[in-house]
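So the structure is just underneath, and the comments pick up after that.
Going by the order they are written in, the chains are A, B, C and D; count residues from 1 in each one.
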Amino acid sequence: MYQEVILDHYKNPHGRGLRDGDAEVHHVNPTCGDEITLRVRYDGDTVADVSYEGQGCSISQASASVLNELLVGKNLAEARRVQETFLELMQSKGQLTPDDAMEDVLEDAVAFAGVSKYPARVKCALLSWMAWKDATAQALGESPVKEKTA
Amino acid sequence: MTSSRPGLPGLLDTEAIRKDFPVLDRQIHDGKRLVYLDNAATSQKPRQVLDALNTYYERHNANVHRGVHVLAEEATALYEGARDKVAAFVNAPSRDEVIFTKNASESLNLVANMLGWADEPYRVDHETEIVITEMEHHSNIVPWQLLAQRTGAKLKWFGLTDDGRLDLSNLDEVITEKTKVVSFTLVSNIMGTVNPVEEIVRRAQEVNALVVVDASQAAPHMVLDVQAIQADFVAFTGHKMCGPTGIGVLWGRQELLEDLPPFLGGGEMIETVSMHSSTYAPAPHKFEAGTPPIAQAVGLGAAVDYLSGIGMDAIAAHEHALTGYAVQRLQDVPDLRIIGPGTAEDRGAAISFVLGDIHPHDVGQVLDEQGIAVRVGHHCARPVCLRYGIPATTRASFYLYSTPAEVDALVEGLEYVRNFFG
Amino acid sequence: MTSSRPGLPGLLDTEAIRKDFPVLDRQIHDGKRLVYLDNAATSQKPRQVLDALNTYYERHNANVHRGVHVLAEEATALYEGARDKVAAFVNAPSRDEVIFTKNASESLNLVANMLGWADEPYRVDHETEIVITEMEHHSNIVPWQLLAQRTGAKLKWFGLTDDGRLDLSNLDEVITEKTKVVSFTLVSNIMGTVNPVEEIVRRAQEVNALVVVDASQAAPHMVLDVQAIQADFVAFTGHKMCGPTGIGVLWGRQELLEDLPPFLGGGEMIETVSMHSSTYAPAPHKFEAGTPPIAQAVGLGAAVDYLSGIGMDAIAAHEHALTGYAVQRLQDVPDLRIIGPGTAEDRGAAISFVLGDIHPHDVGQVLDEQGIAVRVGHHCARPVCLRYGIPATTRASFYLYSTPAEVDALVEGLEYVRNFFG
Amino acid sequence: MYQEVILDHYKNPHGRGLRDGDAEVHHVNPTCGDEITLRVRYDGDTVADVSYEGQGCSISQASASVLNELLVGKNLAEARRVQETFLELMQSKGQLTPDDAMEDVLEDAVAFAGVSKYPARVKCALLSWMAWKDATAQALGESPVKEKTA
């Protein structure tokens, strides 16, 4: 699970810290308490920035760093394709060996293939990606937030 | 797995099936072979289910959902895998609509409580009505009486016809614009009656009432398709369908489970907790507070596999044939009066009767001395006894391993009872 | 059954004990021996408990209380016999004070709901206060949050000191004349802290508040005497004390159980039912709606026999010795900070810690690769993590079969973790 | 269980039917629906009459008949001794073989010894005896009735 690439991103995260954005979301992984606050900024339909802050394990931290590296600069359609491909890989329960096409899309993120065997960690790997999806939907005015409180 | 017996088409190969059930070899009262006809109370468990329990405890036992170690992952996969199996078994649109409870009673209380604490449009309060029927199990009566008492809602019900069917002649007066929820049993545990779901659901939908179906006596015996019956909630219980005790199911429509408030609070059902406030996990976890019945869910998954392996249609056909045979033979016993439908049409495999003025307790006791296990009493459906002016009934109920020879034993046993008290 | 190891008096003969637990032989990750240090989440089950379950299902399975046939009588005797065993185990004045639930969470929700629906003098309403502590398990927080929210009562709590103890310096301000109920854990599941029951109970009794004790982490590990602690309700859960999943206990004082209203409605909990109204059975049945977790109660009875056979005092001594050893060895691991008491005094066998800035998820995962099962996260006690400003902890927790060698394995494993992420 | 004596009492019950009384109680056996309405009449401290009506199995019917036969005419202390001895026998789980002294007190009621082996039936045998105890307490002004309703 702990590929060199993952440990590298964990120790030297890309784009960490909160900067200006069009929308901000806060996601929590209730099973372990991992949290992320993530902002997106769009420039037309280009992902101008993804900034984030949070606490979490090496997998969730590295995953956010990889996300930043991969998505910033891409246009929305491309970025969504990366997100969906990453989701597919993560939900594969270790059954999927990334082919060349997938590697082209995911680049460093293919290193997470091994994580998909560990259901408890899949959520860590996906935390920032789900947050990005949510933030993007909000930035584009597609969805409201809903919360229930005791 | 179907054997044919002259005149009884559709019987299963019970000789093979019975080998799966260790308890059926049991001898009681000095060597009498057990004739177990108390299946509506609880079913016996096949070896396959016991193996699943043992394997779980001997190899995989851990608490679920929160662990990163191997056992915790295995236990979680087994537990959530059982949810997948149950979801498929009842044709649920989504696995997340399957909530594990401890029994059908908890499932029904869960619905009643959700509706009591809900916001509009679901909230049951003093301006609204709750509809049940006179043939409900106490577990589908008392939760609604409590809800009515605590909210001021009015409790109404459908009565029964003389031959043990729902009297729906006043359907439109019982279910009205004020009705918020209609809860009824698919199959009566005391009379075996199979109820006309479609007619009731149609009327409930007209007035936007939620429909709760108690499928405790249906899930073990027939194909149960939650989409086909168009209910909003369906409750059933594991121990009657070859599963362990300590596990029940509530299926509910996803959007309802999202909108309705939680019932029990605690670990597992939360998203985040602070001393000041908490937020809840999405369904099904929102409704599963605390460590769930993990091994029992796994056992229920194995039970569902076992039943599906034989085929619910085949099981239904077997029981239908056997019930027809039993109804016919019982009607030849002098002084015996069946409480409930007098034929095998639209009826499950539970047959209640009274035998002259011999009290059911005495009938049951003397049958037991011959090795025949039946249930006696009001079967947690006392209003049915009141309706028919009887204190109690004797109930014989069949399952996939029951045989015509056991029906014969019952009939002979009843002759003996008559002579004994005659 | 006590072996002596230089410097660690009081250890049990774990070699013999471990033979009773099949899962402890399990090898994981290509031949690594399982080191199971996740006992605060759930315990493993001895052969004796699995045998009791199998014997129940293979020979005696039937629904309880309502049958006159042999199996029903045997099942009832086994189920009620388990109640006797549990009553003796906690020194209950009466067996009828022992209610079987599905887990500790249900037990605690049951109390909260009884008090919400109770008549005076017990009723919790908007003029009253509920007191808990900041170290509660979510299962002893959320039910009270829900009760407070639904009744308007005010929820208050005791905070924590820096070394993981209850801060009782403001005892008299937190528990006041308005306090109707005080609910707290005997032993913290996250920090291992053993709380000073006497002091809290004394103050609660001064103001006539009911005392609820969450003994989920006490019952498995030490002598639990409900009379000695003078609580009104005591909750615990079977799966943490060598019993099956799917079974919990609520002990309550008889006069309270008589006066308080039921929670779940259904079969078994009634005296008589008509469509118009129902009356309830006396406790414990009043609080056990539906088919109970029969096999699971029987399994818990066997677990209680097993634990008593070894002796709760001996188990406590074993864990105390092991915890002392573990605390001392862990404090030698660089960058390791224990969250909770730093000694073995007044502390149970669960030890939480953080290791530098390596996230507990990573600690747990890398330990798992070495065969060591610990729990990571907030352990359903998130307010404790908030209090100490940490996202989560790694928790190792011991039981009667844990050994000093396993403590050594943990310490070595942690060294490896540090190097891996170093 | 079904001793000849029991079957006799069942087929030819003594003192059945409701007559005037000082107190009336209604008891139910929730497990099986057996019911009894029972009245006691006292003449000083003599049990002047125990009248009853109800539905139930042979055991509960025969037991009420035996009760009537045994208690009517006795003084209260004697009657209570019979009731307590019968209770003791019924709670013996089949472990107790009635000795001569017990037989002297219980007369026909010793026939119920075998019933004590059947927990589900013990309540049937005790139904009328518990009702009598209750009714007596009420007749003597010792206890109120308490009921809870949904």
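In this text, a contact is a pair of C-beta atoms (placed from the backbone, for glycine too) under 8 Å apart; a residue touches a chain by one contact, two chains touch by 3 or more.
Not measured: the values here are computed from a predicted model.
Asks: How many hops, at fewest, get you from chain A to chain D via touching chains?
Replies: Tracing touching chains, the least step count from chain A to chain D comes to 2.
Asks: Based on CA centres, what chain would you say lies at the far end from chain B?
Replies: Farthest chain from chain B, going by C-alpha centroids: A.
Asks: So, what's the distance in Å between the C-alpha centres of chain B and chain A?
Replies: Distance between chain centres: 45 Å.
Asks: Roughly how many whole angstrom separate the Cα centroids of chain A and chain C?
Replies: 37
Asks: For chain D, jot down the residues that touch at least 2 other chains.
Replies: 31-32, 118, 121, 150
Asks: Could you tell me which residues belong to chain C and also touch two or more other chains?
Replies: 66-68, 72, 142, 145-146, 265, 270, 272, 277-278, 361, 365, 376-377, 382 - these are the residues of chain C that touch more than one other chain.
Asks: So what shape is it, when you link every pair of chains that touch: line, ring, star, complete or other?
Replies: Here the contact pattern is something else, fitting no line, ring, star or complete shape.
Asks: Would you please name all pairs of chains that touch?
Replies: A-B, A-C, B-C, B-D, C-D
Asks: Quick check: in the complex, which residue numbers of chain A touch chain B?
Replies: 28, 30-32, 118-121, 147-150
Asks: Flag every residue of chain C that touches chain A in the complex, lowest number first.
Replies: So the residues of chain C in touch with chain A come to 142, 145-146, 149, 359-362, 365-366, 376-378, 382, 385, 391-392, 420-421.
Asks: Taking the complex as given, what residues does chain C use to touch chain B?
Replies: Interface residues on the chain C side: 22-23, 26, 28-29, 34, 36, 38, 41-42, 44-45, 50, 53-54, 57-63, 66-72, 102-106, 108-109, 112, 117, 134, 137-143, 145-146, 150, 155, 157, 237, 239, 244-248, 262, 264-270, 272-275, 277-278, 289-296, 361, 364-365, 367-368, 372-377, 379-380, 382-383, 386.
Asks: Using the touch definition from the top, list the residues of chain A that touch chain C in their complex.
Replies: Residue list for chain A touching chain C: 1-2, 7, 31-35, 55-61, 118, 121, 124, 150.
Asks: Residue numbers of chain B touching chain A in their complex, please.
Replies: It is residues 65-68, 72-73, 76-77, 261, 265, 270-272, 277-281 of chain B that touch chain A.
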